[in-house]
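Next come two complexes, and both contain chain A; in the first it sits with chain B, in the second with chain C.
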Partner chain A sequence: MILPHLQIARAHWVLGALFLAILIEEYVPLMGSDGRPVRSRSLFVPWGLMIGAVGVWATTVFADVVHDMLVHTLWGDILFAAGALELARRRGVYERPWLDSVLPLAFVCWGSLFVIHVVMEPAAVGGGWHLAMGLLLIAGGILEVVRLQLRRAPRIPLAALPLTGFALALIVIPVSQAT
Partner chain B sequence: MRAGLASRARTRALVAAACACVALAAPSTAGAHASLQTANPGSGRTLSAAPQTLELAFSEDVIRRYARVSVLGAHGEDLAGPPRVAGGVVEVPLRPGRRGSYTVRWRMVSSDDGHASAGAYSFGVQVKPQAPVPVKGLTVPVAPQLLAWLQFLGVVLAGGLLTVRALVWAPARRVLGDESAPDATAAIAAAVVGAVLALHAGTIGFLVGAYLVIGGGFTGFEHAAIEPIRAGTHAGQAWTATTFAWLGVLALLVAAWVTPARRETLLACAGISGLAAAFGLSWASHPSSRGTLALVADYAHVLASALWVGGLVALVLLARAARSLPPARREAITRACVLRVSALAAPAVAVVGAGGVYLALRELPDPSALVSSHYGITLLAKTGVALGAVALGGYHRRFVVPRLAAGTPVATLRATLALELGILLAVLALAAVLSQSAPPG
Partner chain C sequence: MAVPTLPRDERRTVRSAFVQPRLVVALLLVAGAVAWAAVRGLHAYGLTPVGVAYTLDQPPVLLALVGVWLCYRSRAR
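== the complex of A and B ==
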């Protein structure tokens, strides 16, 4: 079985929707009983990341060319590691200050892999979009890292803009490119 | 109130995002490189007579000047004539062939984007096709033996270690009273390392195997069509299944890490899944082509080896983790676990020996092959080193275990236990070399 481009596009669509849900869960403000914003402890985000990792590894297994396999292998690894660390943090099993940076750094890594994907195959279908989406992820990740360093962070982080743009692009573009 | 509103808004948003997953439409496909769409004879086909032509249809037009096709028989003879190209269809006249398995190797350059793509598959004439043969003289910077060894280590650390822990720790806990296992975190870490090693060594190993078959340099291989090798060979099928199995093991390990209340149950499930994933190693090995009994013997050999070595790793981890406990407690826990591992090791060693002898008899055409072939010499070396581990295990069981049961401190066992483990890791390395060697005849 080879995954035709349309199936791969559909997989991207599902991943885009999953990513959008993760963003909403992570960045829509949640108020505690005292009216102050609190960080979500929902397990949706980490399990979403790990399910996404299995989906990306499935692309590795069913990819029809080698360079797709290589890129998606790294992608899956980063998704899975980020999901596992987030899960441990939200369950209170493993809490360290640096864990706050896991998601933003994961965004930067995924963005970099998008760019590498384009560099490895510049003439591929949707190469320009891949590049733009990679840059959106990198921008979102960096903005989020900067926000974490600020004492008075805005209630809705600026990083949500490029990251939402990325999620919507992931939903819309692959299918339109493949049809 | 505000918290409730925010929570409801969040739920609605999540539901809306999930709904986006459902509405997947169904239009047509698009292509990139010249990928093989259909072939006649196709991958994995068995024909009643040798074909006179080979037809390959690609997703894009290909450049005639750069079209390369070979059809190699068992003795390296190439049946392919000069290819005729019409758009994306390549027709190759074939010289008369005999009964046997044939490897089709192709390399094309797309006239659209100028990129090279390559691939290989096999078909059979009056016989079931074998896996495509590797390109002669091709070398890779990563030793397949090292990758096989890392996969064995993964099975030991994730499958053997966790399964033995489940068999040993639960009864020991019943004897000693309800107490959390001191080595659980170390066992999870070791199993994660094992599963990650097995997952990635398996992927790299599959790619190395595919590269050796397809050939054509790394640049061409980057765009090689991998699907016929993944779906049409035991190595590819095993890799497909074990990749998902190892991901499942990793998910169970993460769940065990974050759920202390169900940790031991989840670790036991991960251990059994790790042992199940080891079937991929047997499915991709030489014995799998020698019938069901040889395949079962090989799997039993691998499982028993994983339990034997995994048991020793479990004891080493336990001894280290128990250092933080009060001396009397430490002594009681370690003694109970050593005695149970010793009881489990004896049948495991018996299965390893029986499976090994049966497989040697199936793989070696005659006794002289033991000293006249690379495979036989490696098998002899592996058996010799394994006998050293068996002798040390026998010493433990005959002399040390009775003393431990009588109350001698467990510390007396530490040095010889580490030695036995070291020897067994060397045996695994020789087993990895053996798994990558062709049996004689």
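== the complex of A and C ==
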């Protein structure tokens, strides 16, 4: 079964909105009553990542191109692994310093897969957009890795900008492809 | 004449009550969604479960839903 363009666009819109909500929840701080920024550490982020992984894996069933199947499966794997590790940490069952790097590295891996996707099929529709989206994810991941090394980090992480750009692109670009 | 000022802690409380970054982002998202819906238009797909899902799964509606959810999540805790 191969899905028409509009259905593919619908799936991307939902995933884009989910990713946008995850990013804002994770990177836009809540100001506490004392005026200090508080990171939410809510369970919505890991659950959102894992639900997104299931959505991305679904592409493996509906895709008609082998490299689409492969790349989407790997995207789902990375999302699920990141979600599972974050869930374990936020539930307090597994706490290690390196877990801070899980989300940034997941973004870098995810972005690299976008680039690999383009390299595997350079003539595909929207190749330029895929490349731009991959680079936004890689930039977001690298900025977040750098932020983790800083003693005084900015109130709103700089990585939020490219990552939000990626999420909005995931919503907007399929609109132009579907119409 | 000296201008009366609030103590530092109270200033922080007042500032945090008005400048909640999430609320700013939420309002931007809702405004963007309204503008997008005005330009692009929205479709109603009926009241069947699939129709409701299709109606909600439109980019401006999704952006507005994220914005409204964010408003809820930006309340002080």
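The working rule: the second predicted complex is superposed on the first by the 171 of 179 C-alpha atoms of A that agree within 3 Å, B and C clash if a C-alpha of one lies under 4 Å from a C-alpha of the other, contacts with A are read in each partner's own complex, and residues count from 1 in each chain.
Going forward, contacts are C-beta pairs under 8 Å (C-beta built on N, C-alpha and C of every residue); 3 or more make two chains touch, one makes a residue touch a chain.
From a predicted model like this one, the values you see are computed outputs, not experimental measurements.
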item: Touching partner for A:10 - first (chain B), second (chain C), both, neither; value: both
item: Touching partner for A:91 - first (chain B), second (chain C), both, neither; value: first
item: First (chain B), second (chain C), both or neither touched by A:108; value: neither
item: Which of chain B and chain C A:21 touches, first, second, both or neither; value: both
item: Touched partner set for A:156, first chain B, second chain C, both or neither; value: second
item: Touching partner for A:173 - first (chain B), second (chain C), both, neither; value: neither
item: Most chain A residues touched (candidates chain B, chain C); value: B
item: First, second, both or neither for A:29, with chain B first and chain C second; value: both
item: Touching partner for A:61 - first (chain B), second (chain C), both, neither; value: first
item: Contacts on chain A seen with chain B and repeated with chain C across the two complexes; value: 10, 13-14, 16-17, 20-21, 24-25, 28-33, 35, 171, 175
item: Chain A - residues contacting chain C, complex; value: 10, 13-14, 16-17, 20-21, 24-25, 28-36, 38, 40, 155-156, 171-172, 175
item: Chain A contact footprint on chain C (complex, rising order); value: 9, 11-13, 15-16, 19-22, 25, 40, 54, 57-59, 62-63, 65-66, 69-70, 73-74, 76-77
item: Chain B residues within the chain A interface of the complex; value: 2-3, 6-7, 9-10, 13-14, 17-18, 20-21, 24-33, 35, 113, 115, 117, 200, 203, 207, 210, 221-227, 230-231, 239-240, 243-244, 247, 250-251, 254, 257-260
item: Chain A to chain B touching residues, read off their complex; value: 1-2, 4-6, 10, 13-14, 16-18, 20-21, 24-25, 28-33, 35, 44, 50, 53-54, 57-58, 60-61, 63-67, 69, 73, 80, 83-84, 87-88, 91, 93-94, 120-121, 123-125, 171, 175, 177-179
